[in-house]
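As written, the chain order gives the labels A, B and C, with residue 1 at the start of each chain.
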Amino acid sequence: MGCKNCCSICLQCLFGYETNVMLVINNKGVGALFRLIQFMIIAYVAVYVCWIQRAYQDTDSVISSVSTKVKGNILTNTSIEGVHVWDVPEYVIPPQGEKSFFVLTNVIPTPGQTQSKCPEIPSEVTKCESDSDCIEGHTEVHGNGVQTGHCVQYSDTIKTCEVHAWCPLENDTIIPKPALLGAAEHFTVLIKNNIQYPKFNFRKRNLLHHINSTYLKNCTFDRKTDPHCPIFRLGHMVTEAGEDFSVMALKGGIIGILIDWNCDLEFPERFCIPKYSFSRLDNKNPENNVAPGYNFRFAKYYKNNKSIETRTLIKAFGIRFDVIVFGMAGKFNIVPTIVNLGAALACLSLVTAICDWVMLTCMKDRDQYAKRKFIHLNQNGDSVPLVSKSFKQFILYVHFFFFYAKLDLL
Amino acid sequence: MGCKNCCSICLQCLFGYETNVMLVINNKGVGALFRLIQFMIIAYVAVYVCWIQRAYQDTDSVISSVSTKVKGNILTNTSIEGVHVWDVPEYVIPPQGEKSFFVLTNVIPTPGQTQSKCPEIPSEVTKCESDSDCIEGHTEVHGNGVQTGHCVQYSDTIKTCEVHAWCPLENDTIIPKPALLGAAEHFTVLIKNNIQYPKFNFRKRNLLHHINSTYLKNCTFDRKTDPHCPIFRLGHMVTEAGEDFSVMALKGGIIGILIDWNCDLEFPERFCIPKYSFSRLDNKNPENNVAPGYNFRFAKYYKNNKSIETRTLIKAFGIRFDVIVFGMAGKFNIVPTIVNLGAALACLSLVTAICDWVMLTCMKDRDQYAKRKFIHLNQNGDSVPLVSKSFKQFILYVHFFFFYAKLDLL
Amino acid sequence: MGCKNCCSICLQCLFGYETNVMLVINNKGVGALFRLIQFMIIAYVAVYVCWIQRAYQDTDSVISSVSTKVKGNILTNTSIEGVHVWDVPEYVIPPQGEKSFFVLTNVIPTPGQTQSKCPEIPSEVTKCESDSDCIEGHTEVHGNGVQTGHCVQYSDTIKTCEVHAWCPLENDTIIPKPALLGAAEHFTVLIKNNIQYPKFNFRKRNLLHHINSTYLKNCTFDRKTDPHCPIFRLGHMVTEAGEDFSVMALKGGIIGILIDWNCDLEFPERFCIPKYSFSRLDNKNPENNVAPGYNFRFAKYYKNNKSIETRTLIKAFGIRFDVIVFGMAGKFNIVPTIVNLGAALACLSLVTAICDWVMLTCMKDRDQYAKRKFIHLNQNGDSVPLVSKSFKQFILYVHFFFFYAKLDLL
């Protein structure tokens, strides 16, 4: 008794190794079951968790920057405008080459608009018979201006409410068919995409290292022959999205250019390559839709000789291409590895529980096993084989219970 | 001895089942504690992990595409411009209907600017008395042009440095009040949003399947009556963000339209619906801020009769609406399930450790328990009940230590 | 036998506490190994998992809104345009101050273009000798219009195919050097960034609380002296990205302004501050590149006295600044905590397996240990010390096997 004794106890605590006392049973059934479940769990970890799901990896989301450049010219010959050549600054809006760009395919121009008064386009709510049908200052939701309160002649037979507006009003009831710039399907777009995974300090471009500039100047993307060429024909993209360019060009729409940068950074950098896919993003189903297609209005402003502002209003139908970059990169990290390994190990302890249950209920020698597996300690501190018997009875009761329950059901 | 024996050992290794030998104690205290902690862990897994946190799910981030379309007309009557009707191509910038759109609410126009020389707007740094106060080629940070080095009359009493600039200069000291286009609060915007979760191959639109086009043409979003209508009144959104439209219209600001697509893909697709919310994103607190509100300048360029370029500079105040789409989708995946199940199982082993500690230190019969639980093996390989005694002494020492420590503190 | 007995069995099941029977071995080697591995795992969890990787946290991705405002004026003096002052509405495109803004640094203007016919710019594919070399309606990929089928004089010595186009054509073979707006490096940009982590209901701005508006009006970002000032000099950003502004200004490029909002929300809100960094995003390597630099074309449209539309085409070279906001916030959550704790606990069970293996194969007293650790049960249900012997033999066999295998290899 004293420090020496105290120290020896401490040392015993530190270096005394505790290990479970095990009961070894030579039963082929339970043994085989045990090994089988064990094997299944190990196989699940090795094949599914590690190989397929790569759960030993830490992940990061992609950060991306995109620039685009469209090329192509179209000549149109209409009765209103005559011969007109459309080049990139005219039909790509906005012109900067952002990741979302719009290519004009159909146009309803309204030249010579000035601020004045004119009769509304006839519709159920704008038709009138006298001034009392029009309200001064009223704005129709789908109208083109603010009502003056007068009812005026629109044509020989129709009277409509007069509006303050940019007159003459646009009449967009008839959409040019076929689309004015339907030949836009032959245009090409160069997409430059720069990505990074900041967590792994990884950067890459879709202009791959092994491709030289001579090839890039002449190639066009094709899933089979040129899968890494970043120059896309508009018509090809629309076709891959399952649409008909000439139909889509009429009323416009939105096409997603999806660039998938999912990468396993365990492999060398050259295996991390973008995968392109295309799909239509807007709803072409007319049933649960409003304003199908894609269009917007913009204007070019002029001042005439008398310094009065006039404008050409353009209702622009066209296809908006949204470059959508997504992806996750994975790289080995000890934390998810330990987590997955630990979880699998913990599940192995389930195996023992299952096999114990099988051993103690289904085996012929279950009483022997139970007697040896469990050491019972009664309240007086003596070990007695009491529960072993009770346990056997309990199992019997359970069996009887299910037996009678079945009889009742029949 | 030989191959037959060797095989039998191998088989024994493979099919010999090892199971722990257990000591069963009929002590209600320890037993109840054990079951209680076990129950708590199982309840945590079932209720919190599985039900609330849905930790058995694999997750994916949303990918989204947005298009917007504003509708509405305003009539203004100012002394400078006279009667003017503002329509969408004039007050929505940019006009394409991107996910971030700006609605003009207040304007300071400066028409007739040409490249020439004129006196600077008076301020502390631009006022001068003679040419020596002005530096040729100098550019003030908050100035409007490049100084010529001359000091000229701005008004009858004030002289300022002359600048090369687009003259006449804009004077933006007085902001129109009330806002010129304050009635913009009655405008509506249709927001079309298409999302996908690429990992689960799930796509959806905010124009829900069960809503027909007749409803969509006339509805306006209202949290209670029309929560799925994708047409929003600008004033309603600003009010929901906790702001006053007429105040915000004066100097502009940024409103976030947040669309939350958090979805549990275990449920049918129709339960995955967007939740809209609105909040002001810019800082209206003037204390730690510069340039409060939201404004920018743009110009319309003209050429007059003599082919000299003139422009109308417009300082545009207004509200930028940023449509921000976010969300995570979850779907059952075996990896996170195993990880969470395994982790919970591993924590169950902690229960045994705690109960063992209670059993061996707090129970009346702790010596009996320890004697039966631990089989001691001394260096000679014989089992002796030595440690059991030492352990008891150790516990006593610990108790004495705390007892004396307490006495000392008093 | 009856309900009373049945109940007592149930109670015994509920409150009978089962604990492992342990064998305690006083072997310093195994004990030390056990404690060492145990210590290493606990240290890994405490230091790496909790402290460095913060694996006890739930995470959320940042949602962000950005507005930008450029300031600065430049005076240029060219033979074509004469003295011209460039202000923000002229050189920032688009003018709205979005998160991606373009600053003009070099310009090739082509004034006075109208829709007409003119000879193509000479190149290998556009040069011709007679009309038969030109195809009516043909569009060259890198051409400026649609061919009329005629071969006309371009200059005294060169004939090229005539095209329908906006004439006169732009000749962009000579890029102004030095860049026309090279002084743009002195411009400043104010970046306002508002972020939120919706899962944690956390919002913050890059205009920090403790900074007052007086400071913000005069500061410029500097990594050492003013790391929280949101006003950046363009030249400073390009230099930090490792580029030379005067070189980059010639042909343009893309600079990423990366704002890192990685935050540990366990700490007070004031510790969550943005970290700025800058890098060039486009590819300046000419080998695997097309169209290096960054440029686009836009036009200003005019109508002359005779109402014929003319335009000034501008090929704009410049630097696009992309504000890229990224980051993850972490906050304590019970699920990842339990998962990591559980996984570590499960790994502790590996320790026992390793130490058991050491104890049963490497120790002098391994037979004694095995005899005590394993209780063997033969098919007749009697425990016999048979396997213990066999196990010893098995170990011997394994040793012999490796011994002979080694001999063979030598």
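Quick notes on this one:
Here, a residue touches a chain if its C-beta (ideal position, glycine included) is under 8 Å from a C-beta of that chain, and two chains touch if they have at least 3 such contacts.
As the structure is a prediction and not an experimental result, all values here were calculated from the model.
Interface chain A/chain C: under half of the residue numbers present appear on both copies, so the contact uses mostly different residues.
A rotation of 120 degrees, rounded to a multiple of 5, brings the CA atoms of chain B into register with those of chain C. For this pair, chain A with chain C, the centres built from the Cα atoms lie 18 Å apart.
Across the assembly, chain C contributes 12, 16, 18, 20-27, 61, 94, 302, 305, 339-340, 342-343, 345-346, 349, 372, 374-375, 387 as residues in contact with two or more other chains. Here chain C touches chain B in the complex through residues 12, 14-27, 61, 63, 65, 67, 69, 71-75, 83-85, 87-90, 94-98, 186, 188, 190, 192, 194, 198, 205, 207-213, 216-217, 300, 302, 304-305, 310, 333-335, 338-343, 345-346, 349, 365, 368-369, 372, 374-375, 387, 390-391, 393-394, 397, going by the rule given at the top. On chain A, the positions that touch chain B within their shared complex are 1, 5-6, 8-9, 12-13, 16, 18, 20-28, 30-32, 34-35, 44, 48-49, 53, 55, 61, 93-94, 100, 102, 115, 137, 139, 141-146, 163-166, 254, 256, 258, 260, 281-283, 286-291, 294, 296-299, 301-303, 305, 307, 313, 320, 322, 324, 326, 339-340, 342-347, 349-350, 352, 355-356, 359, 372-379, 381, 383, 387.
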